[in-house]
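Note that the chains are named A, B, C and D in the order they appear, and that numbering of residues resets to 1 at the start of each chain.
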Amino acid sequence: MTRIKAKPIGASQMATPALTRKELVERLDIEFPESGHALGDYDIEEIWYGGCRLRQRYDKRLLRPGSTLSGATMMALGDFAMYLAVLSAIGWVPLAVTTNLTINFLRKPPARDLIAEARLLKLGKKLAVGEVAIHADGAKDLVAHVTSTYSIPPVK
Amino acid sequence: MTRIKAKPIGASQMATPALTRKELVERLDIEFPESGHALGDYDIEEIWYGGCRLRQRYDKRLLRPGSTLSGATMMALGDFAMYLAVLSAIGWVPLAVTTNLTINFLRKPPARDLIAEARLLKLGKKLAVGEVAIHADGAKDLVAHVTSTYSIPPVK
Amino acid sequence: MTRIKAKPIGASQMATPALTRKELVERLDIEFPESGHALGDYDIEEIWYGGCRLRQRYDKRLLRPGSTLSGATMMALGDFAMYLAVLSAIGWVPLAVTTNLTINFLRKPPARDLIAEARLLKLGKKLAVGEVAIHADGAKDLVAHVTSTYSIPPVK
Amino acid sequence: MTRIKAKPIGASQMATPALTRKELVERLDIEFPESGHALGDYDIEEIWYGGCRLRQRYDKRLLRPGSTLSGATMMALGDFAMYLAVLSAIGWVPLAVTTNLTINFLRKPPARDLIAEARLLKLGKKLAVGEVAIHADGAKDLVAHVTSTYSIPPVK
């Protein structure tokens, strides 16, 4: 299993992923038919080896008082972006599970789409660690920053 | 503002909260009319000064492959339980916001109600820090453990 | 490997540890001869299956401006207490390593000994997760709270 | 107070800091005369508005079994680098304190100098949040990644 080099988010990390965007969407549709996650609220904008850019489409149900998006929305987005980053490197392993997630909420997001950029910081045999930067569409400042660890099941 | 003593979760911390369960539910209904959170999926089972016990009612929409509940469900539950614990101590301050949340996922939760028990570890003028233990209804082992910080807006 | 039941810190968890306090100190002396940690600044006050109580002896070198102890002191103490809690459950496995640690600093510690109480929240085959409550000797309020994950090497 | 733009670590963030490297070292020498931190084990290699690059000089006292550096070393380094990043933006405010720190240990560091690069993700009136990437001197892969929050005392 190849080690991920630690590069800044946004750098040219566009190495070929272990499964394409199209393959990923098909798999997610089969695996999570009721969640509506893969199809409903999220758009996988780009996926590369060890990272992805994921869009959370704005929906007024996500709003909180003060016309801001809920923390739960950002946590779910960060977790899902990290999941895709893991799959981009190890291929389709649906039993990879989050063991740990830390989120720092930095600014109140406006009532708009959110963009999450995930990248792996480490890919080991048992654990993958990554970070996710979340910003509102069209804005540069981060609204939230996530670090997360996934446990990778042993290959049989 | 009174300091919270650090006691183990589950100890007799049943000091009078800054607002009652009934007041809290009414306020949440007014403030979050569309979210359905206060009324929909959550039951505030008990609230006391500096803590609460919150139930996430099982719904098949929360399921993930392997008949387990999603991580996003547990993160949202932990965040909301912590929010109630903060309000139980400072009263109705809707602009209290999460600045930081760390969750450790410990075991896969079964397809059942979840119970979150939150308690404050510190209540300062600017920040409140607490922890939340989450377990499945009827089980003792934790499925997740949350620590979280809320920023408290200055009193005017 | 037995599952750790999640009990409050301080509850009667005094099940027999996988190695005694005496065995542990001897092992640490052999393994960390130069660090002086096991002998120098720390006292293992009590160890039981899945937890321990560890004392950091006050030393003026640990002081920071304002007569408080450094954050680094509390982080090192929390990490070491968690390490002992892991060893208390799995026996002497020196290659167990921390993968993740989150600390919340709650109050400024006075210039005094610190007491750390660690307990495991989960003991799996690959990962152990626990929490550590740190308070100043003779005081009840927590000065810091730690959650941490250890990676357990496979048994050969 | 100016908002920090979220840029990747390593980008050209070399805006003028609120105090120069020389001023910072002088202040630290006065404030922490016994710790030896500012002078002893750390070199401030570069400081700019909102970030810094800090070197931990190798010392055999930091070694652990397996010829690796202790986790405590990396935690202290990450915390101190973040402290300098905060001071670089707000000027000399010695009472800024860490409220929260999360570290992910990614690889075992070799017996060599460590380099920490810190940058702020957010600078608010009350809180500063940042991340620190730590790698061994001469290596690209991260050995640890830190996110941390500092509480900024009110200006009088």
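Quick note on the criterion: a residue touches a chain if its C-beta (ideal position, glycine included) is under 8 Å from a C-beta of that chain, and two chains touch if they have at least 3 such contacts.
Everything numeric in this text was worked out from a predicted model, so none of it was measured.
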{"item": "Reference chain D; chain at largest CA-centroid distance", "value": "B"}
{"item": "Between A-C and A-D, the pair with more C-beta contacts", "value": "A-D"}
{"item": "Inter-chain centre distance, chain A versus chain B - centres from mean C-alpha coordinates, in Å", "value": "25"}
{"item": "Averaged-CA centre spacing for the pair chain D and chain A, given as whole angstrom", "value": "27"}
{"item": "Distance from the mean Cα position of chain C to that of chain A, given in whole angstrom", "value": "33"}
{"item": "Per-residue multi-chain contacts in chain B, two or more chains", "value": "99-100, 102, 104, 129, 149"}
{"item": "Partner chain C, residues of chain D touching it in the complex", "value": "31-32, 34-35, 60-61, 63-66, 70-72, 75-76, 79-80, 94-95, 97-105, 108"}
{"item": "Interface residues, chain D side, partner chain B - complex", "value": "99-100, 102, 126-127, 129, 149, 151"}
{"item": "In the complex with chain B, residue positions of chain C that touch it", "value": "3, 5-6, 8-11, 102, 104, 106-107, 121-122, 129, 131, 133, 135, 140-142, 145, 147, 149"}
